[in-house]
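What follows are several structures.
Consider the two complexes below, in which subunit A is the common component and subunit B and subunit C are the respective partners.
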Partner chain A sequence: MTSMNVIEAQGLVRRFGAVTALDGFNLTVPSGRIVGLIGPNGSGKTTALRAILGLSRLDGGVLRVADCNPWQDRSRLMQNIAYIPDTGILPRWMRVRDLIDYAEGVHPGFDRTRAERLLSKTSVDPARTIGGLSKGMQVQLHLSLILAINAKLLVLDEPTLGLDVLYREQFYESLLGDFMEGDRSILVTTHEVREIEHVLTDVVFIRKGKSVLAESIDTIREQYLKLTTGATTNVPGGYLSRRTSLAGVEYLYRGVSRGQLEGLGDICIPDLVELFVASMQSEAVTVTEPHKETQHA
Partner chain B sequence: MRSPADMNTVPFITLLRREWLEHRTALIFPPAAILALVILALIFGTLFSKKISVDLDLEDEASEAPSLQRFRPQARTQFFLADNQYAADEEFRAMPAVATDWNPRGGLHPSAQPAASVPPLGIEIDDEDLDDVSSLQRALAVPYFFVLILVMSFLSVSVTWDERKDRSILFWKSMPVGDTRSILAKFLFLGWITPAATFVAVVITQIIVLLALDFYSDKNLIAWLLTSSEAWVTLFKLLGFTLYIGIWLAPFLAWGMLVGAAAPRSPTLIAMLLPLLLTVTEKVVFDTNVLFDFVVNQLSLEMFAQTFDGDVAAVLPYIGQKLMGVGLAVLFLIAAIWSRRRFSEV
Partner chain C sequence: MHEWHENQPIYQQLKEQVLHRILTGTLAEGDSVPSVRQVAAEERLNPLTVTRAYQLLTDEGLLEKRRGLGLFVSEGARMRAISSERETFLREEWPRIRARIDALGIDLTTLISGESK
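Moving on, here comes the complex of A and B:
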């Protein structure tokens, strides 16, 4: 593993009885990047995250996170990782200020002053019990705590699930404004592609426990093209996917120059949703070497 | 930022504090309820009793409190004299030895002794009365420790179950605290912090009750408590019992924690029914009572009693049993750590 990568996962396998949740899953998260792990429900996102966090053991594969084996060194790993899951996990019986005391007591990288400063920007009252806070406030509190930890990697598992649009917007603003500095990284999972598209630097699509696409956003913009044309037009082969829409037939290409498609129809760069849908529907999408370009950068 | 040395001690104290915050209701309310009952009993006793006696020896010797007439003028106070005779208040006060040594609070001063010509009085301050205070101390502790054992039994399951049920275990695990340290903190909290909190409640109750009795009666019980070696020995025994509870109940507490950390549902039911089922199965299949005998022997307080009686020889036969109990507790704790690591949520 290179020290440039905060996560390096090769061929991860996790089985639950007859169900294979991770089936040779690969993932690389370089330092200083925001990587979106995107997949439909039941695709293995949460299982992968749990393995990365040391919450679940693996049946196969090699996994290193922040120079630790997550399953064996979870306690040490958590000094460098922060985590917000899909639903509220903060202890409802605890007062906010007691929670801050706790984090300060057990986490060597926790900055109490920073947490209180971040919290003062919200409407969370430190004297209240967490169970008395709204879901939005609980997420704000959790985010304030997490952002006050000097972590190399922040792992978010559907963090805005159940939040209204306003809170979602604030959440990602805080994340980008207060967390992303230096070589810190974020790994975020969601099935709401549009919600995180604008914050990502890299994307990994997961389907049936396998990573089916791993690219940087820059590569997607440079390498992928969408051609929309009439149904009878002859188009070059080698497309990743083909689907019919109201506008005509859409072909998705990777590594094809704009000149090759010129004159055949409308050409544009596909957005993440289109790429995601193509990846989920087609068996033909190439599994690329994860973040090859980034690693060489 | 803290040094590595700090990181070894500070988190553990923080973990204990967290357990206290989470379960303090279970530790504060039952003792508070008992204390309230004791105080209520004192108040009702004062208000509704025609003749209030402070029966310190809990047997048949009663000493009446003349000072009660200050609060209950209609109360009939009598003084127990020798030869099963009673003297009314005015008769008592008229006795020569009493008249000169009468305590303004209404009692006979401890230093006052009736003259030889006066029949000996029943109100005497002697070593037996000190025993009475000790009996009272012990009697006041009994309901607390009884409730404590019930509370500990349920807490042993909930300390590992509740965090799984409300998914807060994911938050605790997102902090750099290992499962071993978490489980040990929970066990320490259950086995020693919880009884210690109860001991504090017992001492507070004893002080309140003795203050009340001191106020109502002619005896300066607080002075006795502070100067009596017997009273301190009783307190020391209670403290010893408090510390002993952790070892005494260790296998049961660890068992509860294991079930709370591993059970998919209904942990309290499983924690109670599984040993019962195993006991019955053992009896039916092998016609033996090993498990039942172990539980009974483990629950016996004979070792503790012998230890405090200073009979070391009598303690020896119980050491093997207690070591087995501790060993079993260690096995259960290792299994609880293993389970907590794997079974995060319900």
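Moving on, here comes the complex of A and C:
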């Protein structure tokens, strides 16, 4: 079971008129993993998620989610996945208690006892109306409802947008403590790379509708190195990116051993932010086929 | 929750933290260690990272699994930790310190008395 993929997407294409939102996008989410889909605004993140959730038709490519074709088997798909969008969509006029009744009524996999137990750990009062809750509390409520569904895959779109640090911390704590078990998986999009770096097991960087880097965090830790040096001669070639900083010149390498860089300067493992910036700026990071588009930032 | 440094994989850092606690005795032999889920949630780390750290400690005989109960610090873990740390020190740290002492020309008497001239 653990080797099964919850999401398999190959060569996804989605066009909106003249705009190509997904341009041969690939994504694999194995079960039991937490995959971050990271990209700047307008890179195709939301379109990819909508396709995965069966909310958007595709113009090309092959997509399987929890053994379903999301567009055709949407109701079957919904029994196995849960989703929190980036904006508050809970009905503001409803009382918390009534929303729980509603969730229990519409979703066959909803566990009321579990929802109430999760909610009791937060400061959300079941008697309040949703509109009267702070943004942070609304997210806590939404998460409690979602975590009470027995889902194989949880999809989160910018889940901590607009939350303060305390709520963000609590959010990830309950995600890791209350959702992750067995072969459940999470797909999360964000542009706050730093905040989820350690939560993720894998990252996929998306840029202009294409996946430009897809690696496990372990691979990144084992394969990538950053060299910061004052010298610019004798530096091994084949680096992914080069940038000048206060500390000197920084070179990013993949698959180069520490030994090859020893003595040239400071060597360390790059963090996700550095990798992200590098893959958004340079064409060299990926093995994408050359394409004729012009640079528009 | 705390900061991780960038020169080592996190599972390695987590492993060393547990090792350090075994060495200093704040985790005694026979004590249980927190579950993977608990550590993951508290440290905001993905569970695979935590599992990997625990696996390394288990492979080295410092932790042991008791069926249905979780992971415990095994008997003799402290001695094993000390001897493995001694080896690491002599192999990796000492040569560097030794080279530094030589470079600075500090003699044995000064070193042992701990006074600077």
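Just so we're on the same page, the second predicted complex is superposed on the first by the 282 of 297 C-alpha atoms of A that agree within 3 Å, B and C clash if a C-alpha of one lies under 4 Å from a C-alpha of the other, contacts with A are read in each partner's own complex, and residues count from 1 in each chain.
By definition in this document, a residue touches a chain if its C-beta (ideal position, glycine included) is under 8 Å from a C-beta of that chain, and two chains touch if they have at least 3 such contacts.
Everything numeric in this text was worked out from a predicted model, so none of it was measured.
Chemist: I'd like to know which partner A:Ile217 touches here: subunit B for first, subunit C for second, both or neither.
Modeler: The answer is second: A:Ile217 touches subunit C but not subunit B.
Chemist: Which of the two partners, first being subunit B and second being subunit C, lies in contact with A:Asp271: first, second, both, or neither?
Modeler: So A:Asp271 only meets subunit C here.
Chemist: After lining up the shared chain so the two structures overlap, which partner does A:Ile34 touch, if you call subunit B first and subunit C second: first, second, both or neither?
Modeler: Touch partner of A:Ile34: subunit C, not subunit B.
Chemist: Between subunit B (first) and subunit C (second), which does A:Arg112 come into contact with in this model arrangement: first, second, both, or neither?
Modeler: Touch partners of A:Arg112: none, neither subunit B nor subunit C.
Chemist: Looking at subunit A, does subunit C or subunit B touch more of its residues?
Modeler: Touching more residues of subunit A than the other partner does is B.
Chemist: Would you sort A:Arg194 into first (subunit B), second (subunit C), both or neither based on which partner it touches?
Modeler: Neither subunit B nor subunit C is touched by A:Arg194.
Chemist: After the superposition on A, what does A:Leu55 contact: first (subunit B), second (subunit C), both or neither?
Modeler: Touch partner of A:Leu55: subunit B, not subunit C.
Chemist: Contacts for A:Glu173 in the overlay, against subunit B (first) and subunit C (second): which applies, first, second, both or neither?
Modeler: second
Chemist: Output check: A:Arg258 vs subunit B and subunit C. Expected answer is one of first, second, both, neither. What do you get?
Modeler: Neither partner.
Chemist: Looking at subunit A, which of its residues have contacts with both subunit B and subunit C?
Modeler: Dual-contact residues (subunit A): none.
Chemist: Could you pull out which subunit A residues touch subunit B in their complex?
Modeler: Checking each residue of subunit A against subunit B gives 53, 55, 57, 74-79, 81-83, 85, 87-94, 98, 101-103, 105-109.
Chemist: What part of subunit B is in contact with subunit A in the complex they form?
Modeler: It comes out as residues 1-2, 7, 10-11, 13-15, 17-18, 21-22, 163, 166-171, 173-178, 181, 342, 344.
Chemist: How about subunit C: which of its residues touch subunit A in the complex?
Modeler: So the residues of subunit C in touch with subunit A come to 1, 4, 6-10, 37-38, 40-49.
Chemist: Using the touch definition from the top, list the residues of subunit A that touch subunit C in their complex.
Modeler: 32-34, 169, 172-174, 176-178, 180-181, 198-201, 217-218, 221-222, 268-271
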